[in-house]
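Presented sequentially are two complexes of chain A, the first with chain B as partner and the second with chain C.
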Partner chain A sequence: MGDRTKLAILAVIAAGCAALFMLTHLSGNLDYIIPRRAAKLAAIVLTGVTIAFSTVVFQTITNNRILTPSIIGLDALYLFINTAIVFLLGSQTLVFMDDHVRFLLSAGLMVLFSVLLYRLLFRREEKNIFFVLLVGVIMGTLFRSATSFMQLLIDPNEFLVIQDRMFASFNNINTDLLWVSLLTVAGVFVYFLRFADYLDVLALGRDHAVNLGVDYDRVVSRLFVIVAALVSIATALVGPITFLGLIVANVAYQLLSTYRHRLVIAAAALIAVAMLVGGQWAVERLFTFSTTISVIINFFGGIYFIYLLLRESKSW
Partner chain B sequence: MVEVQNVTKRYGGRAVVDAVTVNIPRGKITSLIGPNGAGKSTLLSMISRLVPKDEGEIRIDGRELTSVKNNELAKKLSILKQSNHLQIRLKVRELVSFGRFPYSRGRLTKEDWLHVDRAIEYMELEDLQDRFLDQLSGGQRQRAFIAMVLAQNTDYILLDEPLNNLDMKHSVQIMKTLRKMVDDLGKTIVLVLHDINFASCYSDYIIAMKGGKVLREGPTCDIIRPDVLRDLFDMDIRIKQVDDHRLSIYYV
Partner chain C sequence: MGQIMLKKRFLIPVFLLLSALSLFVGVKEIQLTGLLQGDKDQWQILWVSRVPRLVSLIIAGASMGIVGLIMQQLSRNRFVSPTTAGTEDSARLGILVSLMLFGAASTLQKMLLAFLFALLGTLLFMNILSRIRFKNAVFIALVGLMLGNVIDSVTTFLAYKHDLIQSIGAWFYGDFSMIVSGRYEMMYITIPLIITAYLYADRFTIAGMGEEFSANLGLNYRQVVNIGMVIVALVTAAVILTVGVIPFLGLIIPNIVTLLRGDHLRQNLFFTALLGSVFLLVCDILGRVLIYPYEIPIGLTVGIIGSGVFLYLLLRSRDHG
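Our next item is the complex of A and B:
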C-alpha cells in the first residue's frame, strides 16, 4: 500500500471520528448543541495538529525518536503557574480569573521561559541542543518540586481546583480563546514555512546538514522557538497533553515507509485528531465524563512508551 | 587551492590544532597522516566548517570561508565524516538524492536526477539503489555515502577516515574509485588515513601532523621515508620498494 493511500485512509478515519462526535446522541436544542460541539471539535483538532507537528519537528532537531517537547519543562511550568496563582491569590482568583488573562499569562510565560532558556544557553561558545534539553529537564524538576510543595501547603479544597488543571480537558473551551489560538498557531505556521525545506536534511544529523549547506545553528534555534510557541499555546488552551505527541509521531513513522516530513507530519496530525476526537467521544458517551481524556491517553501512551524503550534497547 | 593560514583550535585551553599553515593543491589526492590526537580530523572539520576555528584564516579558491554563504560553499566543498549512523531509514537512491540539496532545496529537477543517476552508476550501486541502507554491508554503505558526495558535485571532497571498518577488498575498491575521481573528473580529495600504506600508494601529496602541528608536508615520496616516519610515529619503520610503491613494514 502506498503512503498516499495510507494518508487517505487516515483522513477518512479522522473524518469518521469527527462525524461520530458531531452527529451521535443529538437530542434537545440543536442550536445550542451543534455550535458547542463544533467549538470543542475545533479545539481538539487544533491541539492534535499542533502537538503532532511540534513533536515530529522536535524529534527531528534533536535527532531522537523518544523525546517530546515536554522535556524542556513546559508542562511543569504550566502547572507551576496555575498552582502559584492558587497558592498566592486563592482558588477563587483562578476560578474567576478572566480566561483571556489566564491564557495570555500561561502562554506568555511559557514562551518567555523557552526563549530565555535558549538565548542564555546558546550564548555559550559550544552550542549544543542537548545542553538546552538537560537544563530544561532540571528546570522542569524544579518547577514540579515547587509545585508539589505549594500543593502540600494549600487547603485540600483549593487543591481540587488545581487538580482540574493537571489534566488536559476539552470540556470547557472558551470560544474567544479558540480564535486567538487558531490565529497565533496559523501565524507561527506561516513563519515555519520558510524553514520547511530543511526538515528532511536536518534528519540526517548535524554533520550532513552542515555539509549540504544548511545554516544549522540558525535553523535549529528558529525551529526550537517555533516548537516551544506551539506547545505553549496548546497547553495554555487545554492543559498538559504533550505525551500524545510521542505516540502519534512514532505510529506515523511506523506506518509510513518514508522519511519525508511533509507526509509524516500529515499522518501524525491525522492520527492525533482521530485519537483525540475518538477519545473525547468515548469519554463523553461511554464513560459519561467519569474520566478525562488525558487519563486514557497517558495510560495507552505509557504502555506504548515502555514498548518503544524495550524495542530500542533490543536493537543495540 | 585550499590555503590554511595560522589556524588554531582550542578545547579547554589546550590547542588541538596549533597555528597550522598548509596549502592543499588542486586536482590531487592529499592525505593527512599522523598518530592519534594529532589534530587531523579537527583540521579537516575546520576546513569544512563543521567545527568553527578559533584563530587564523582558511581560503578556498582565494575566498575566506566565513565570507562564503553556506549554500554556495556546499556546491564547492563536501565532507564525509567517519561515523554515518542515520536516525532515519533511507534507500540508497534517496540518500544519494540528498546530495542535490544545495542546488534544489529538496525539489529535484530532471538535471538533479541525472546527477544522482550518474553518481550511482559511478559507484556501481545500480543493483542496490532501491535497498535500504541498513540492509547493506559496511563497504556498500560507504560507497552509497560517497555517491551522495559525488552527486553534490563539488570540486573539493574531504573524507575523514573513509576506510574505517572496511575489509581489504573494500578499502582497495574505495581508494581506486577515489583515484579515478581525481584522474577522470578533476576533483580535489583530502583524506584522513590511518594506514600509511594506503596513503603511500594512492596519494600525490601528504601532510604529516603530530601534536597539533604540521611536522612535514610534501609529495608522497618525500614523506614515506624512514627518518620522517620515525619522527612522526616515534617508532622504527622499514620501507620496502614493491614495484612503483613504497610500503612500510611496521608490524614487527
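Our next item is the complex of A and C:
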C-alpha cells in the first residue's frame, strides 16, 4: 500500500470519527446542540493537529523518538505562567481582563521561557537522552507543584471566579479561545513554511545538516519557538495530555514507509484527530463521562513510553 | 559549610529548636506563660493537636528518609526511592481498592491493602530493574517514575468510575493539618521497623553488593532483601495513610547525607532520620506561616523544594562526571 493511500484511509477514519461525534444522539434543540458540538469538535481537531505537529518537529530538532514537548514539561510550564500572571496581577484585574489578552500574554511569555529551558536542557553536546528526559520530567513536577502552590496563595474566593476560565480539560473545553487559537495557528504555520524545507535535512543530524549548508542553531531555535507556541495553544484549549504526542508521532513513523516530514506530520495529525475525536465520543457516549480521555491516554501512553525506554536502553 | 551542617552538635540543637517552634505555631495561640499558669484550654490544644502533629512530623520525616536510604542501598542506585519506584502510587491504589471493596473501610483494612499494593508495586519495579542490563541511575529513576504514572492513571480511572476522586485526593498531597490524637497512632508502627532497619543495616550493605557476594559471606540474600522491601512498603503505607504522599523526601535526604558523609549505612541512618525530620519540620512551619491562618499542604511545599533539590543533585551529577 502506498503512503498516499494510507493517508487517505487515515483521513477517512478521522472524518468518520468527526461525523460520529457530530451526528449521533441528536435530539432536542438542534440550533443549540449543533453549534456547540461544532465548536468543541473544532477545538479538539485543532488540539490534535497542534500536538502532532509540534511533537514531530520537536523530535526532529532534538533528534530522537522518545522526547516530546509534554514529557519535558512544556505544558506544565504554560499552566505555571498562566497562574503566575493571575498571581502577580491579582485576579481582580483578571476578571476584567480579556481572556484573549491573557492567552496571548501567556503564550508570549511561554515562548520566551521555553527557549531558556531549551538552552538549559540541550546546552553543550548532551549525549545522554535519559538525562534530558529525567530533568524534563522533574521540571514538569516542579512547575506543577509551583502552580498548585500559587493557586493556594491566591485568595480562595477570587480563585473560584477564574478557575474554570483558566484550566481547560476535556470535560471543560475552552471554546472561547477558538478563534484566537485558530488565528495563532495560522500565523505560526505561515512562519513555519519558511523553515519547512529544512526539516528533512535536520533529521539527518546536526553534522550532516551543517555540512549541507543549514544555519543549524538559528533554524533549530526558530523551530523551537514554533513548538512552544503550539504547545501553548493545545494546553489552553483542552489542558495537558502528556502522552498523546508520543503515541501519534511514533505510530505515524511506524505506519509510513518514509521519513519525509510533509507526510509524517500529516499522518500524525490525522491519527491524533481520530484518536481524540473518537476517544471523546466514546467517553461521552459509552462511558457517559465516567472517565476522561486524558486518563486513558496516560495509561496506554505510559506503558508505551516504558516500552520505548526499555527498547532504547538495549541499543546502548 | 555543608560539613558543619551534618555534625551532631549542630543538627540536634536545630532539631530541638524547630520542634519547640512547631508546638507554638498555629491558629490558636499557645504561650509558655499560659502553659505555666496551667491554662486548661492551652494544655488541651497542646495534647490533642500540637503534640500529635509534632510526633507524626518527626516520625514521618525520619522513617521516609530511612526507607529511601534502604532502597538505595539494596538497589545500589542513588536515585531509587518510594517516589521513583512506584511505591507511593501503588499504596494509593491500595487505599482506593480498599475503599471500593469495603465501602467505609476501617483503618486496618486500608492499611493492609495499602501495604500489600505498595509491596507488590515495589517488587514489580525491582523485577523490571533486575531485567535491565543498562543500570544507569538516571535511566532507572525514569522508568520508576513512569511506572508510578501508569499506576496513577489506573487509580484515577477507578476513582472516576466510583466517584471517589475527592476521597483519593486527600491522600495525594501530604497534609498534617488533620492530625489530632486518635488519628495518627498508626505512625507508631514505623518505630519498630526503624529499629529493625538499624539492626539489619550491615546486612543491607552486604546485600547491596549482589547475590553472589552475599552468598560468599554466608548471608541469606533473598531473606534480607525481602525484609528490606517489607519495611519499605509498611512504612510508606503507614505514612501515606496517615498524612498522605510526601514526595522526594526519601530521595533527596539520603542523597544529601551520603554526599556529605560518605557511604557508611549504619552511621548514615541516624543522620538521615534526623535530617529528614528537620526538613519536614521546616517545610511544615513554612506551610503554616505563609498564608496564615490557612495552611499549605506539606506535600506541596515538599514537592517544590524536593523537586528543586533533586534537579540540583541531577545537574551536579552531570557536571561532576
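Following the convention adopted for this analysis, the second predicted complex is superposed on the first by the 219 of 316 C-alpha atoms of A that agree within 3 Å, B and C clash if a C-alpha of one lies under 4 Å from a C-alpha of the other, contacts with A are read in each partner's own complex, and residues count from 1 in each chain.
Heads up, the rule we're going with is that contacts are C-beta pairs under 8 Å (C-beta built on N, C-alpha and C of every residue); 3 or more make two chains touch, one makes a residue touch a chain.
Since we're looking at a predicted model, the values are computed, not measured.
When the two complexes are superposed, the chain touching more residues of chain A, out of chain B and chain C, is C.
In the superposition on chain A, A:D200 contacts chain B only, with no contact to chain C. Touch criterion not met for A:L89: it reaches neither chain B nor chain C.
Of the two partner chains placed by superposition, only chain B is touched by A:D215; chain C is not.
After overlaying the two complexes on the shared chain, residue contacts for A:T291 are found with chain C alone; chain B is out of touch. After overlaying the two complexes on the shared chain, residue contacts for A:L26 are found with neither chain B nor chain C.
When the shared chain is aligned, no partner comes close enough to touch A:L116: not chain B, not chain C. When the two complexes are laid over each other on chain A, chain A has no residue in contact with both chain B and chain C.
Listed in rising order, the residues of chain C touching chain A in the complex are 132-134, 136, 138-139, 141-143, 145-147, 149-150, 152-154, 156-157, 160-161, 173, 247, 290-291, 294, 296-297, 300-301, 303-304, 307-308, 310-311, 314-315, 318.
Chain contact summary for the complex, chain A toward chain B: residues 63-65, 197, 200-201, 203-208, 210-215, 257, 259. Taken in their complex, chain A has these residues touching chain C: 128, 130-131, 133-135, 137-139, 141-142, 145-146, 148-149, 152-153, 156, 242, 290-292, 295-296, 298-299, 302-303, 305-306, 309-310, 313-314, 316. For chain B in complex with chain A, the touching residues are 48-50, 70-75, 78-81, 84-90, 94, 98-99, 101-102, 105-107, 152.
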